[in-house]
Amino acid sequence: MAQVSLLIGFTLILLGLYGALTNRDILRMIVSFTIADAGVNVVLVSVGYMAHRTAPILDSAVPAGQAAARIIDPVPQVLVLTAIVIGLGVTALMLAYAYRLFRLRGSLDISQFMDLKW
Amino acid sequence: MIRNALIGLMLFILGSAFLTLTMGFEPATELNRTAAYYATHAQEEVGAQNVVTAVLITWRGLDTLGEVTVLFLTAAIVSLVLSRSKAPKGASGSGFLPSGELLTTGTKMLLPLIALLGAYVMANGHLTPGGGFQGGAILASGALLMLLADPSRRFGHKIIHRVESASGLAFVGLGLLGMLFAGGFLDNKLLPLGQFGALFSAGIIPIVSVLIGLKVGAEFASILESLEETEDA
Amino acid sequence: MVSSILILAIGLGTAFGLGLLNRRRAVLALGLTLGALGLMAAMAVGWLIVLAQGAAPVEIYTAGAEPPFAINLRMGLMEAGAITLITLTGLLAVLALRTALTRMGRGSMAVVLVLIMALSGLVMTRDVFNLFVFLELMAISTGGLALLSKDIRAIAAGFKYLIISQLVTILLLVGIIFTYHATGSLNIDDIPETAMGFSGLGLALFLILIAVVLELKPFPANGWALDVYTAAHPGFSAVFSAASGTAMLVVADKLVKAAGPDWFAMFTLLGLISFIGANIVALRQDNDRRLLGYSSVGQLGLLLAVIGQQDVLGEGYLYVAGGLVLSHAVAKAGLFWMSIMVKARGLSDWAAIRVRPPLVIAFATFLAMLTGLPPFPGFYAKWELAQVLATTDRLPILAAILIGTLIEAVYLFRWFGMAMKRETDTPLGPKQIDCMVVLITLAAAFGLGALWGDLSENGNLFATVPMLAALFFLALEPMPAKLKNGLAIMALVYWFAAHAGVYDPMRLIFLLVMILGGAVILLASFNEDGRRVGFYPPAMLMYAGLALLLEAQSTFEFFAAWEVMTLGSYFLILRGKQSEPHALSYMIFSLGGAFVLLSGFALAADGVTPFPLSALSLVPEQVAPWVFALLAVGFMTKTASVGVHIWLPGAHAEAETDVSPMVSGILLKAGLYGLVVLLLAMGRQSLHGVDLVNVLAWIGAISAFVGAVLAVFQEDAKRLLAYSSISQMGYALFGLALMNHLGWLLAVMFVINHYVYKSMLFLAVGGVYKRTHTKLMYKMGGLITLMPFTFVSVLVGIIAMSGVPPLSGFGGRWIFYNAILETDLRLPLVLIFMSGPVGFLYLFRLIHTIFLGQLKDENHQIKEAPIWLLVPQMIFVAFLIGFAIVPGLVLQRVDRFLGTVFGDQPLIWHGRAVESAFGNWNPVAIMVVIVVIFVTLFGILIAKNHDAVKVKQFNIVFSAERPYRPETTHFAWNFFAPYRRAMGFMEMPLVTRFWGGVSEALSGTAEFTRKLYSGNGQTYAVQVILFVVTVYLIALGGVA
Amino acid sequence: MSSFHWVQIPYALLTLFIVLNYGLIMTAVVQKIAARVGGRHGIPFWQNYIDLVKNFAQRSKITHGVMFYLGPVFRLAGGVGLLLFVPTIYGSTWAQNFSFAGDLVLALYFVFFGTLGMALGAGESGHPHAAIGVSRGLAQVTMAELPLALAVYAIAVQYHTLNITEIVAAQQGGLFHWTLFTNPLATVAAMFAFVGTMMRPPFDVVLAPQEIPIGPPTEYHSAYLALMQTNRAIFPVAKTVIYMNLFFGGASSWGEFAIKVFALYMVSAFIGVVHPRFRVEQSIRFFMKWGVPVGVLAILMV
Amino acid sequence: MTLLMLATLLCGAGMIGAALVALLTRQTATAVLAAGLLSLFASVLFVLLAAPDVAMTEAAIGSGLTTFLFFYVLGRIRREDKK
């Protein structure tokens, strides 16, 4: 189960990267990057998954005593939470840049912005 | 064409690296050292039912603080990026479709529900799945809905900044208090752990969740705000 | 001390707090930001002091739980130092950015605060995921702050930066989660030492490390960083290069320490490639900020390599890495902040800083720090690094580092030359605060130099008297030149008097020539009036170097003195009008020679510090020839032997009137002194069966002959003298290489003779130049009547130099003959015999074309050379004649000393005559006989033609008719045409073509590789992934 | 190493007088022989005396400057000094001149004293032809002197001394003790140099009469020229004396001295008469192709 | 083939399909929509992987806000492009 989701996650990352590196349109690049981020999140969570165990909530169903035996590893989930929000932050910033770049040169093609070279 | 092929080959090799990672990976049957500690000590050390929130806000509080700062940064920089570039003269004017009847009445009906859900998710962060970020996101989607319904509507710019700064400062303040009175920076034993499972339990976690929720909500709103402001030339 | 987590809390608190202020109170917001940064800096400094006094590193736990379960921060000496640097850079950056920040509003100030807080967090945190969060904070704030600059291209740069940080995020996150899965904890200390294997933990660690390396802008994959450097506001670029660079280095160090020694090799390799690659490509840069970008990429590469070498550096690691990091950070921040004041972006537009001398000093200091010249921390660090690398025989790494530093020196000093010599029409920015920021950085630079001096066990350069004197003269700048000149002469005479007694005769001769001789030449500087800013500090720096050279006991002191001398003389030569390219080639050859010396000393010391010079003789057998070869090459670059001589003609010819004699008469002797010390200590060495001393003899002979032949064909008087210096130094080198008593006596004779007549001739030609404003000999002619004293000094000079009997030159030739009769070295003698008469040619050309022949119309009313130039010349004439009559006065003591060295006493001194195993030489008798014959014949001639009257100029050639173009009647141009037809093949500039080829190849590769940065953000992303994949494959290959 | 006694001065003057007269007569005789070879009658052998007296008698009111004035003095002092620094007759007490002052090295380098003085004087005269002559002379002499220097080094190593008297002493005792036979290579190299520096064709482009009016001494006349002509008599003889001492066993009596000097001088005369004039680069290449290799062989073989 | 495994496979196929659509489609709008869809599938997968918090966040932020941001910026750009 974990292996399958890992594979899914990695394929998503690779697809995202492929999209980001081949598409010339900036917005499509940012979309590809969000896909890659989603892939990373899937990988992160699937590493923490353990078979036949439940979510790390200690309530009536999972009393504190048996917690160690019944819940899955909470740490990857914490990391993912932060990672998603940071991913959103960076995406929002890139979108703002994309918009400003568009305002600058009137086009969204990355190869239009090459005056800083050599 | 060759360029894409080269990139494809490169990513294939990267993929092979990832593949060796996946092949070498076998899911743990037993909780590792850190997770086992969290599982056993969640109740008496932090007093929160939701172990994820416990770890998120207390044990790895610095991460969350850093995280919130990320959002604060994004909001500030997006407003910097967009504030100085008013829309070119010709292109201004709210371009949104005039919000239909359905949308305005729907918003009026849904808004309280969304606000209630957001508040609930935020407050019960330590009991049920959810917490500061999720609550904030829901509130932000509420603000988004209002924006969609009435594009010319402007939130009080000052209020958003006030809420954002105040909650940030409060969060840091709580952390410092924790360092002075409790065990360390952001330690939640500043307040009594209270009865396990009750609303006001697990020390400062609920307060921090609320603060995070407010801050995240305010930040998303300010991002939308600065996007919106580029409208009025 | 208060807990250091407060540093983060203050940063964050103020950042959030700024939101509460309303929009219009920008100045208050700026005040708050400065206050917060000041507080953070104060805490950091407090911690630094406490930890520097030996307190143990402090662990800070958060959330009241033990580390693996909560995030912990550590505050050790390295962290405290790094944070102090970061917070102070931040403070000064905010000052530099104040206009941009107030314009952008309090949001941007909050971003700066968060950036500084994130960097401090990066340095302190011990948790991998926390590292990721702070890294993201740094990435986003850097992307944001790129907007501060007025340059609209900054937005594109910011976007490219964000693309790359996305890639880094992906790699880092995957790495972190798999490390967590393998080790069970997110804390760095729990990462076990893993081999570089490529499965599970090994691969995860690889991903984390490669992500951190990417953040350190490695060479092939750093187009994005260069764009940020070029477009961003320089105030921010300083933070980006100094503060973020340092923080990432500390992170890299933490991670690689945890990952284990297996990964050091990868770091070193990547670092060196980045260091050399970036420096080569920087050769072709003409935008100043992009050049600084390349330089900081190179320096980060160097530091990455040093981190890779920490297993070998042991406890000296903090000292070396600290020295290099601080030098890089302070210099780079200073240069970026200076670029705020320079409005235009071309390299030669920095000429605007010449308006304010303190800025020129700052510029020179920062460049010296970057290339690791004394007395700054980089020098001590480079010395320590060289010692360690040589002891653990990692010579290829040392060689790579030295070559990289040399290339960096090339483009930095070319830039300095442009700034000093070119003109620009964009004036300097008027703001005082920017200037004040730069001066604070300058003070920090000197403070660090002193600090690193104290820390180094080899002795602090600032503590030595000569260095203090040089700095003292820096303070004297506003005083009039004549007063400073008097002080300088007194200082030199005092130093000579203080040390004359204590030295052995051989060193006494060098002291006499270098220090007392320097004082005599300085007499000529009385001729200049006004303040003459920028002459005396470099001059005294050079003399300080020379004084320390003679004082040096250990290899460190010798090498430090050598580099101080090079630095001082470079600034002196640069003062000449068209001396820019020549000063640059001088600096490159000198630095190249100095680095060869450094590797030689490091190889010899083999870990023993301080390594006394005399211990060179105890160097083990298999290493000794290599040490000998390296040191000999290093010294020969200073005596300009053939092969490394192309810098000399330009440097000596283009220098100022009173600088040429200093540089030619005195500085070349430093090389000879080095060779004397080397040969005294190591004696004969042979490498693969080739006797190195014979090779030296051959090089000496060839340079003697080639120098003389090339001198014959020169049209420029000073170049002629410069080439003749090469020839004379060749003679002296040959003398030394004979390794027998008389050979060394010959060398000493040459040291004295060459100093006297070369300074005399240079001053004379300088005097003529002052009057005729040209150095080209065919433009002069017939000046004997107008400048009689200069003529006399040149006449005596060439008689002495050509070895014609009555004067002291003949003494040198006589000792030479006796010396070669004792050696079995035959073939080089042919070249030496040939260069004797050839010397005669160029000397006659010098005196004939300038003083004899027809006087040109435009030279009719020129006056005699200024009095102050003539005084030293007359002193030298008197000395020459005295030395010719009584050579024993000086030579006898040296002869006795050499007797003790070589154990034989070939010369027997009878009163004033001297006798050797082969012949005898009675200088007094010769002088008397010649003078008597001369006077009697002169009497006869006067008796016959006593009332002869001077004939008018054209009574000779045109029988009193005036030719259409009288100046052509003076036969001076292409004077030795037949000789050129016969010996022209010698003129082929083989050596110049070789070195030209080398520089062409370098700038060719630079031009080719810099096309790599096409400016397209996507291409940069592809390059980053390609870089990761290639390193992965190589590392995989390495492991398999 | 005998020290200086006042009596040596009259002895030296006597030697000087003998050599001066011998020089004047010999050069005139050789000039006559050269003319006779060319089918001409040639000048009377006392011609040089007439020229000398004529020039001395002529009064001159002009000079071209200090160095021009001192030129001939330097020149003659060089010639006389060279003669007096070298012992002319081996074994005779009074013909040792002032050889105590220095050894072979002094003699070798003192040759340049005269040349330097001459060059300075000619340069001061302001006449372009003088300067051209000087530049040609100096250029040629650099390569011409080289075989001599090599030869001198060879015999110095062979005889382990630089003192001329000791070298001559080592060659006494019969013909086959001369350096000519003990070290033929060095002697051949020296003879190359001898021919090259004797200012006779094929190496006399320096003061070639037709091309540039007698080269450096173009502007000299009256007393200046007189001094130069006395030097032109003494200098070749003094140089030949050195060659004689070094390579041909020196002279034990004035008769032997006269014959050997004349014979040596005739060597350069013979070669000069039949050869056309070399240009400077041709003579330089000639010496580089022939003179220097022989010299190098000499110093390698010893 | 437990039910869980089947559900994950389905989700995975959906996600990869959405990703391919996002990469290959002509108009950017469909690409953004595909990304939103992908993020929804991801949140479902997270529920399957017993991570409810993450699922909620991914749903709220991933599909909700990100998609909106994209559409908003796309709208602005498309409108200014026509002028």
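Chains: A, B, C, D and E, in written order; residue numbering restarts at 1 for each.
Everything below uses one rule, namely that a contact is a pair of C-beta atoms (placed from the backbone, for glycine too) under 8 Å apart; a residue touches a chain by one contact, two chains touch by 3 or more.
Predicted model, so just to flag it, every value in this text is computed and none were measured.
Student: Please find the path from subunit B to subunit C through touching chains that uses the fewest steps, and give that number.
Tutor: Between subunit B and subunit C, the shortest chain-hopping route counts 1.
Student: Touching both subunit D and subunit E, which chains are there?
Tutor: none
Student: Report the chain closest to the protein's overall CA mean, measuring from each chain's own CA mean.
Tutor: The most central chain here turns out to be C.
Student: Farthest from subunit A by Cα centre, which chain is it? Let me know.
Tutor: Result for the farthest chain: D.
Student: Distance from the CA centroid of subunit B to that of subunit E, rounded to the nearest Å?
Tutor: 19
Student: When the C-alpha atoms of subunit A and subunit E are each averaged to a single point, how far apart are the two points in Å?
Tutor: For subunit A versus subunit E, the centre distance works out to 11 Å.
Student: So what's the Cα centroid distance for subunit A and subunit C, whole Å?
Tutor: Centres of subunit A and subunit C (C-alpha means) sit 50 Å apart.
Student: Mind checking the centre-to-centre distance between subunit C and subunit E? Centres are C-alpha means, answer in whole Å.
Tutor: Between these chains, centre-to-centre, one finds 59 Å.
Student: Out of subunit E, which residues touch more than one other chain, so two or more?
Tutor: 52-53, 57, 61, 65, 69, 73, 76, 80
Student: In subunit C, what residues contact two or more other chains?
Tutor: Subunit C, residues with two or more chain partners: 129, 133, 136, 140, 143-144, 155, 174, 178, 181, 186, 1022, 1025.
Student: Show the residues in subunit B shared as contacts by 2 or more other chains, in ascending order.
Tutor: 3, 7, 11, 14, 18, 21, 25, 28, 32, 34, 38, 50, 52, 60, 63, 66-67, 70, 73-74, 77, 81, 88, 129, 133, 223, 227, 230 - these are the residues of subunit B that touch more than one other chain.
Student: What's the complete list of touching chain pairs for this entry?
Tutor: Here the touching pairs of chains are A-B, A-C, A-E, B-C, B-E, C-D.
Student: What part of subunit A is in contact with subunit C in the complex they form?
Tutor: For subunit A paired with subunit C, touching residues are 13, 17, 20-21, 24, 26, 29, 33, 36-37, 40, 43-44, 47, 75-76, 79, 82-83, 86-87, 89-90, 93-94, 97-98, 100-101, 104, 110-111, 113-118.
Student: Can you list the subunit A residues touching subunit B in their complex?
Tutor: 1-3, 6-7, 10, 13-14, 17-18, 21-22, 47, 49-51, 55-59, 64, 67-68, 71, 73-75, 77-78, 81-82, 85-86, 88-90, 92-93, 96-97, 99-100, 103
Student: Which residues of subunit B touch subunit E in their complex?
Tutor: 50, 52-53, 87-88, 90-91, 95-96, 121, 129-131, 133-134, 137-138, 140-141, 144, 220, 223-224, 227, 230
Student: List the residues on subunit C that touch subunit B in their complex, please.
Tutor: Checking each residue of subunit C against subunit B gives 3, 5-6, 9, 12-13, 15-20, 22, 60-65, 68-71, 104-105, 107-108, 110-111, 114, 117-118, 121, 125, 127, 129-130, 133-134, 136-137, 140-141, 143-144, 147, 155, 174, 178, 181, 184-186, 198-200, 203-204, 1022, 1025-1026, 1028-1029, 1032-1033.
Student: Provide the residue numbers of subunit C that touch subunit D in the complex, in ascending order.
Tutor: Per the touch definition, subunit C meets subunit D at residues 782, 784-785, 795, 799, 802-806, 810, 813-814, 817-818, 820-821, 826-827, 829-830, 833-834, 836-838, 840-841, 844-845, 847-848, 852-854, 910, 913, 915, 917-922, 925-926, 929-930, 933-934, 937-938, 940-941, 944-945, 947-951, 953, 955-957, 969-972, 975-979, 981-983.
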